[in-house]
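What follows is subunit A paired twice: with subunit B in the first complex and subunit C in the second.
Entry: the complex of A and B
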């Protein structure tokens, strides 16, 4: 328990350090922020004045503390490209990303675990071969290409689902499936190998000798033992989904954090980049922390 | 010889190697065979697969898809293999030091490793692009950083286990230098793991490079890259889907071949190492 506490404290310190690194990286970069707001005819003196008014000529530590102070007061600054208040944008973007991310997480476990169990039950049959090959392919297909195939098939050809945008549940289906594809494949693989590992353990032999039914051994004891590492590492899936969401949201025009971050990087809209970059760093760090806590709690050997 | 025969019996390894060979040959000789990737002919745009004069057809600007795709393979492989190779060397060295020396040095290194390891490669690349600008440089930085850390993490874990073994304890008691123990006794036992792991990370790097180019933050035009080609082609799916299908299939085949090779090599390894690899792949 004490080592866990130490991990939490150190992780939070590293989070602070990395937020500074990201902040400094974005602010100190060579890109000219004045290009986004001032006309080409602006003189060097105008540009200097603009930078001064934006506070960009102050020492980086000073800028960081000012920014963090504003952040905690709820003032996130304005976008350089359309002057929108970032705090007003953020609520919607975060909500949309949460909807997409949570649905994908549900799909990862809701589809991955049962498929992995079926594969392990029907080990070495054609069902197993089919599921295992599909999961190898699922890990190899780049999700942006999978997205294009899905759009071509289900929206261009068949016209069943919309290709982009946001509205009812129909708009959620394609992006959520594409975003979860690799996670599903990985979960199938992990579940199958964990189930097979556990079936060969001594406790199964003991339970069989005690006269328990195969069904009970499989669904109660083996399943529970196999699920612990998979569920406890769910936090790692958060990081994976955040990474892929950057691409998937952009393709499907899903108005979430990933899409706005990528667009802001392309337009060099640094106040927007800054906030959403820091937000994602925070989310990923918390996901990893949750995974390491979960893993420690689930493993009695590590629980001191 | 025995090991070679075992390798030939391994279906995944054989199939993966054949696909990889075809792709590498395309990447090496393709640009020379299919001509200039930048040569435009606006009147000959959107030609489908099998058009005479342009093997894979042409894109919107009438440029040869074959020339562009094969050059894209070259860039993709160059970034993925060279950077992951470098990451393997660095990661192995860092892992060896942290795992063997232990103490404060290990504490600091493993704290950093655990922290960075959790970050998805694509997010790191986007953050890098936000500060150093779009192009191949942020991809190279991100692949290098994340893969070094991932390899160091597993190597460190392996070294921790091995350095408790009798043969290492005996070598220490025999008065051998730390350098000699690490290079002669420990490193040979962890290098196979690092190698197999690297083949998986080559796959991750290929995907990250393609994804970043797809959203416009990776290789910048006129330099062709596979992800960028998929992205340009998606606007013409009804007109000539080959413009994004061809680069898409190539990326898929590259990643699949590398993963198959990784799986095949893993099966040839010592079974004890397999669990370490499975654990490393949970991300």
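Entry: the complex of A and C
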């Protein structure tokens, strides 16, 4: 419990540090914000005036403190490119990304853990070989390539599923599977190896000697022990999904945070990048925090 | 004497796999009689644990298989019963206690959960009935505060307490036979003595029959009634503890006793020279021949058989005394 408190404090510090890193990073990455907003004919003086109006000519720490002050008052700022209020466009994008991200997380564990268990139960059989080979492929194939193949196969060739856009569960299938593919593959392998490892522990022999059924030993005792490493790395899976969402949302035209963030980076739309990048950092750190809490609760040694 | 409760006859257990095949336990015979403590003694790797594990089919199979012989219990050959029949026996008729209590208990569950699961694995009883049995078993195992230990996880227990929990786990379904595989090796000396006393009391109070596996001759002398000495996968000598310890007949037993330090004697320790042969590289004759001071020509040529001599059984052409 004490370690959990430490984790919470560290998480808050991490968020603060990331907010500055994001803020400074986008400003130091070069490019010109006026190019997107002002017409090509704008003079150097016009551009300078625009920067002054937006407060972009002030020292970076001054800009940062102004931004954080506004943020804590609930003012997310406006887009530099079309002056729209960020808070207005954020809600829908966040909702869409949450739908995609949560579905992917469900797939990662809902498919990964059972497949890993089946592979460990049928170890060294063709079932195991099949699952293990598929998971190697799942880890090796980059998701943008997988996305293109999936679109080609299921949309262009077979015409079963739409290739892009949003509206109903049909549109969710391809992006969610592509987004979760690597996570599923990793979870399969981790579950399989943890189950096999725990099956060889001394305590399994003790339970057998006490007359417990193989099914009970497997599904209660070995499984419970094997979930610890998977819970502890669930935070990494969140980070992975968030990172890949940028690519996958863009490819599938999924109107979420990833898509808007990629566009904003390309246009040097500082306020938009800042807010959404910080949001992603928040999601990843909260994911890790949740994993730490879950691990503490699942492990009697830490819980007590 | 009565008829044996458990009768292991001519048991061999071998490793079988890709292109390899040799026996690790060879032609082992021993009997456990009602209400006695039988000690199996030998160095690590001599096959004593494997022999005991095979009684409940707990050896790693594959690659290990029973290649010959029988283990008779209650009119049945345990090497031939089905997996479900074996499961019904485990813990209910024959129970086992293992060496390292810390790793032998599932770390994710309380002692109480392990004990009640063991009861409910055999009897369809309500949880509170199972819990009462569990508390009784904890008390029987010599635990003074059963309710507290019931709620504790293995990591909260000391080594000795964890071993008592494991003994409780073995006792909870009131088995006829208890097999204890080095139950005190991982424990402090004072705790060892308490655990051994508890085993003796179980024999006296409940009429249990116990197989005690150990490499410690002091333990054998203090608790066992009869003993079996194993070397390189076979029984070399067996008899009553008094007989074997006072007048060892096999040169290996004799050597073992010479290597035990004694407080009240100035005699120097005499090690047994040489090394135990590997099970895949056994000599054609007696497996102890290369290390034996009494070796004859016949010892190297032909494997000796177990033969009755005085009141013991010895596998030797040239026994001591």
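Methods note: the second predicted complex is superposed on the first by the 280 of 304 C-alpha atoms of A that agree within 3 Å, B and C clash if a C-alpha of one lies under 4 Å from a C-alpha of the other, contacts with A are read in each partner's own complex, and residues count from 1 in each chain.
FYI, contacts are C-beta pairs under 8 Å (C-beta built on N, C-alpha and C of every residue); 3 or more make two chains touch, one makes a residue touch a chain.
Bear in mind the structure is a predicted one, so any value in this text is a computation, not a measurement.
Chemist: When the two structures are laid over each other on subunit A, do subunit B and subunit C clash or fit?
Modeler: With subunit A as the common anchor, subunit B and subunit C both fit in the superposed model.
Chemist: For A:201 in the superposed arrangement: first (subunit B), second (subunit C), both or neither?
Modeler: The answer is second: A:201 touches subunit C but not subunit B.
Chemist: Could you tell me if A:114 is touching subunit B, subunit C, both of them or neither one (first, second, both, neither)?
Modeler: Touch partners of A:114: none, neither subunit B nor subunit C.
Chemist: Counting only touches as set out at the top, which of subunit B and subunit C does A:165 meet: first, second, both, neither?
Modeler: Once the two structures are laid over each other on A, A:165 reaches no partner at all.
Chemist: State whether A:212 touches subunit B only (first), subunit C only (second), both chains, or neither.
Modeler: In the superposed model, A:212 contacts subunit C only, not subunit B.
Chemist: At the CA centre of subunit A, how far apart in angle are the CA centres of subunit B and subunit C, to the nearest 10 degrees?
Modeler: 80
Chemist: Have a look at where A:273 lands relative to subunit B and subunit C in the superposition and call it first, second, both or neither.
Modeler: After superposing on A, A:273 lies in contact with subunit B but is clear of subunit C.
Chemist: By the touch definition at the top of the document, which applies to A:69: first (subunit B), second (subunit C), both, or neither?
Modeler: neither
Chemist: Scan A:221 for contacts with subunit B and subunit C and give back first, second, both or neither.
Modeler: second
Chemist: Between subunit B and subunit C, point out the one touching more subunit A residues.
Modeler: With both complexes superposed on chain A, more residues of subunit A are touched by B.
Chemist: Measuring by CA atoms in the overlay, how small does the subunit B-subunit C distance get, in Å?
Modeler: 16 Å.
Chemist: Could you tell me which stretches of subunit A are touched by subunit B in one complex and by subunit C in the other?
Modeler: none
Chemist: Show which residues of subunit A lie in contact with subunit C when the two form their complex.
Modeler: Listed in rising order, the residues of subunit A that touch subunit C are 201-203, 205-213, 216, 220-221, 224-225, 299-301, 304.
Chemist: Can you list the residues on subunit B that touch subunit A in the complex?
Modeler: Result: residues 111-112, 114-115, 117-123, 126-134, 203, 207, 210-211, 214-217, 227, 230-231, 234, 237-238, 241, 244, 248, 251-252, 255-256, 259-260, 263, 278, 281-283 of subunit B touch subunit A.
Chemist: Which stretch or stretches of subunit C touch subunit A in the complex?
Modeler: 56, 58, 87-92, 95-96, 98, 100, 103-110, 114, 117-118, 121-122, 153, 155-156, 166, 169-170, 172-173
Chemist: Could you pull out which subunit A residues touch subunit B in their complex?
Modeler: 10-11, 14, 18, 22, 25-26, 28-31, 136-137, 139-145, 148-149, 151-152, 156, 186, 190, 193, 229, 233, 236, 239-240, 242-244, 246-247, 250, 261-262, 265-266, 270, 273, 277, 280-281, 284-285, 287-288, 291-292
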